[in-house]
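Below, chain A partners chain B and then partners chain C, in two separate complexes.
Moving on, here comes the complex of A and B:
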């Protein structure tokens, strides 16, 4: 079996004239936890749905385990998928749905279903239409994992899960990953991806803008500054390298900085400051930084 | 096989409900023959006073042809309408369910080829339709036989013609679903399609007959010739094959967004 579990080459999908993804090229290797981050509408779900052949590509290539799923569906035996929005046949119970899901794979998964349901604290006897969004998400997670797939594709998997459950879920993912499962983790929450992923791909407006390891991303140290001075200061005070998205409103300056925060602190030490906030920038703001540097 | 079984399990209650409704209606209207038996000429004369489309809808002259004539004039017209509404509704429901309930992500990411999903759903639809037909027509046949003697061939041809029309509507439903992103109300589409075609069949001129499935197998022709009109039989089979082909290709290429 190919070491490249996911591979795309110039994968492109247009919905009529509207761009879904364009010339998307990435590789995910066996055993990796790959984070796929981008704001809503950036093309994350389109990438996943094209790889799974839920939608048909416009051009380019996309492979799972070296196979194009639009031609060879058998490869999906090794794939589990948690969609971002979870909908099921409402008048079924959870166990009926999971048994129906298991019927598509060879083997007996009763013990596995029990184990996963206990881990995710899921009541198997309840009707699907009685479940909250978070519980439906748990059903999706169990359905995706019950056949112990070699590749798990997650599209915003933690939406609806409370922090305690999220932690259990991350532990479960790490456990499965240690057994050899490759995980493709799509999210718009950078911190979430940073927690468990080895590498990340950043997508914006349908295009990959960066692929890097989490280690590198952390080293880049993005910070958002909001500084309120006691009086108006020189507009060019922060006109230095690695500052982007600079906004000046009267005596308040806000910007994104990539690097050592002490560099900024040394710039303002001569000024009287009324208020200062240094925070993690949103993913959108990091994107702004990327584009600002181009 | 699992999709086929799932669809049967998921839809048997609908089929049962349809069957009971149709059976009650059929038995009641057929038994009404006893009350009307001696007044058929009067009813025929009365119907002559109604507009032509009404007479065509109920095949007024058939009424004078004994029990099977009455059966074709009244009970069967209603059975035909109800059956075909059910046929197109069921096919739309089965093929549209994942789209309507947004469950495409569940089913279409399983290791099953789309063509197999198509055939499993088609087989489930046809199995339900044929099972209800077998039960319905066996009971109707038994009842009619109990009431009077008649030519079995005519009854079989009547039944066969209704089944062909049902299959036409099954594929029309699949075709409509294949071209739709999502159908919110299958019953509205089903009733509109069947009633519009039926109404059209009552006033359309003869040259438009190839466009209206309800006009393909006239009961009067079957009663007089003890066979189905070969040209229209072939045309209906051809249309079914075309709808099958187009819907399958469209289903294979469909994007589940």
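Moving on, here comes the complex of A and C:
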């Protein structure tokens, strides 16, 4: 089996004239926890749905375990998926739905369902239409994990879960990952991706703008500047490439800069400075670098 | 098999409701036949005589004795086949549409199974529903007709229900074709029902105006006309083969379209 669990090459999806994703190229290796991050509407769900062939690509290539799911559905035996919005058959109870889900895979999953339901504190006897959004999300998590897939695809999985449950969920993911499960974690919340992911892909307006390990992303030459001048200076002083998140408050300018700090120092050498702070930005602030003022 | 079981269970209440309605419809419809017997029949025929020929033709009174039990049943059959076809349209429209409207398609189509297989299982479940309703109509018709009159030609009832079943399958195929081929699915039931009603009224217009009889091939209701089945005591085998072929093609092309299109999720 291919070591690349997910692989896309110039994957593109247009809805008529509207852009979904464009020229998206990424790879996720076996055993990796890959964070896929971007704001709403950036193309995260489109990428997942195209990879799973719920919708068809316009061009490019997309593979799971080296296979195109629009041609070979058998690969889905090894895939679990938690969608961002959860919709199930309202006339079923939780256990009926999970048994129905399990019936598509060979094997007996009763013990596994019990274990996952206990872990996620899910009442199996309740009717689907009586469940809150958070509880439906728990059903989705159990349904996605019950057949112990080799690849778990998560699309905003923690929305609706309280912090305590989120923690249990992260522990469950780590436990499954240690057993060899590859996880593709799509989210617009950077902190949760930061908590468990090895690498992260940042998507903006349908295009990948950065793929990096969390560690590298933090270690890269991103610096946060806070400079207090003795008098008001030209507000366009820092209107240069690679400066983002620029905020001006009276005589104080703060921003994120990616590059050689000497470039900034040369800009301010003729100014009188009262105070200057150069520090490591938070991951959230780095993330903002890619999105400007969105 | 799991999809078939799920579909049958999900449709259980609906099929029970339709069955009760159908039995009541046949019982109440045939109850009027009892009232027609004896001197009432002559009075009734006198009233009917006043009706324009076009109206009489619509009800088959120009070729059938409406005071006979099978003649009377043939008039009722006109509405019976309409009701049962509406059920087929609903089943066919819902086959995929419901999964997309209720947003459960994402759950179902991520299982390791081709879209083709999912549709096949759903079609089998739909056909079982059609057979159940057809059998309910057949058995209740036989019981009620025998209750009303001992001397009933059962072959006619069987033939009428075979024709009815093929019509059901055709409407299931038409609505399934629309459901499988259309991405925007908020008005599919309306579209399918409009096709059904317009072809039903076309069949009535053709009865009233025989000069446009050439249009009969456009309406499924004219392929198994009760009047013709009863008078000829048989089904036109060419029509049977033709409609089965059309149904197969509709489903086949529908499945190809479905494979190509995005799921509406």
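Here is the rule we use: the second predicted complex is superposed on the first by the 222 of 294 C-alpha atoms of A that agree within 3 Å, B and C clash if a C-alpha of one lies under 4 Å from a C-alpha of the other, contacts with A are read in each partner's own complex, and residues count from 1 in each chain.
Operating definition for what follows: contacts are C-beta pairs under 8 Å (C-beta built on N, C-alpha and C of every residue); 3 or more make two chains touch, one makes a residue touch a chain.
Worth saying up front: this structure is predicted, and the values here are computed from it rather than measured.
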Request  = Give one word, clash or fit, describing how chain B and chain C relate on chain A after superposing.
outcome  = clash
Task = Applying the touch criterion given at the start, work out whether A:73 contacts chain B, chain C, both or neither, answering first, second, both or neither.
result = both
Key: Touched partner set for A:11, first chain B, second chain C, both or neither   = neither
Message = One more residue to check, A:85. First (chain B), second (chain C), both or neither?
response = both
Partner chain(s) touched by A:100 [first = chain B, second = chain C, both, neither] = both
Inquiry  = So in the superposed three-chain picture, is A:52 touching just chain B, just chain C, both, or none of them (first/second/both/neither)?
reply    = both
Inquiry  = With both complexes superposed on chain A, which partner does A:190 reach: first (chain B), second (chain C), both or neither?
reply    = neither
Inquiry  = Show me the chain A residues, by the header's touch rule, that chain B contacts in one structure and chain C contacts in the other.
reply    = 49, 52, 54-56, 73-77, 79, 81, 83, 85, 87-90, 100-101, 103-105, 143
Ask   = Which residues of chain A touch chain B in the complex?
value = 15, 49, 52-56, 73-77, 79, 81, 83, 85, 87-90, 100-101, 103-105, 143
Query = Can you list the residues on chain A that touch chain C in the complex?
reply = 49, 52, 54-56, 73-77, 79, 81, 83, 85, 87-91, 100-101, 103-105, 143
Ask   = For the complex, which residues does chain B have touching chain A?
value = 2, 6, 10, 97, 101-106, 108-114, 253, 255-257
Task = Would you tell me which residues of chain C are touching chain A in their complex?
result = 2, 6, 10, 102-107, 109-114, 260-263, 265
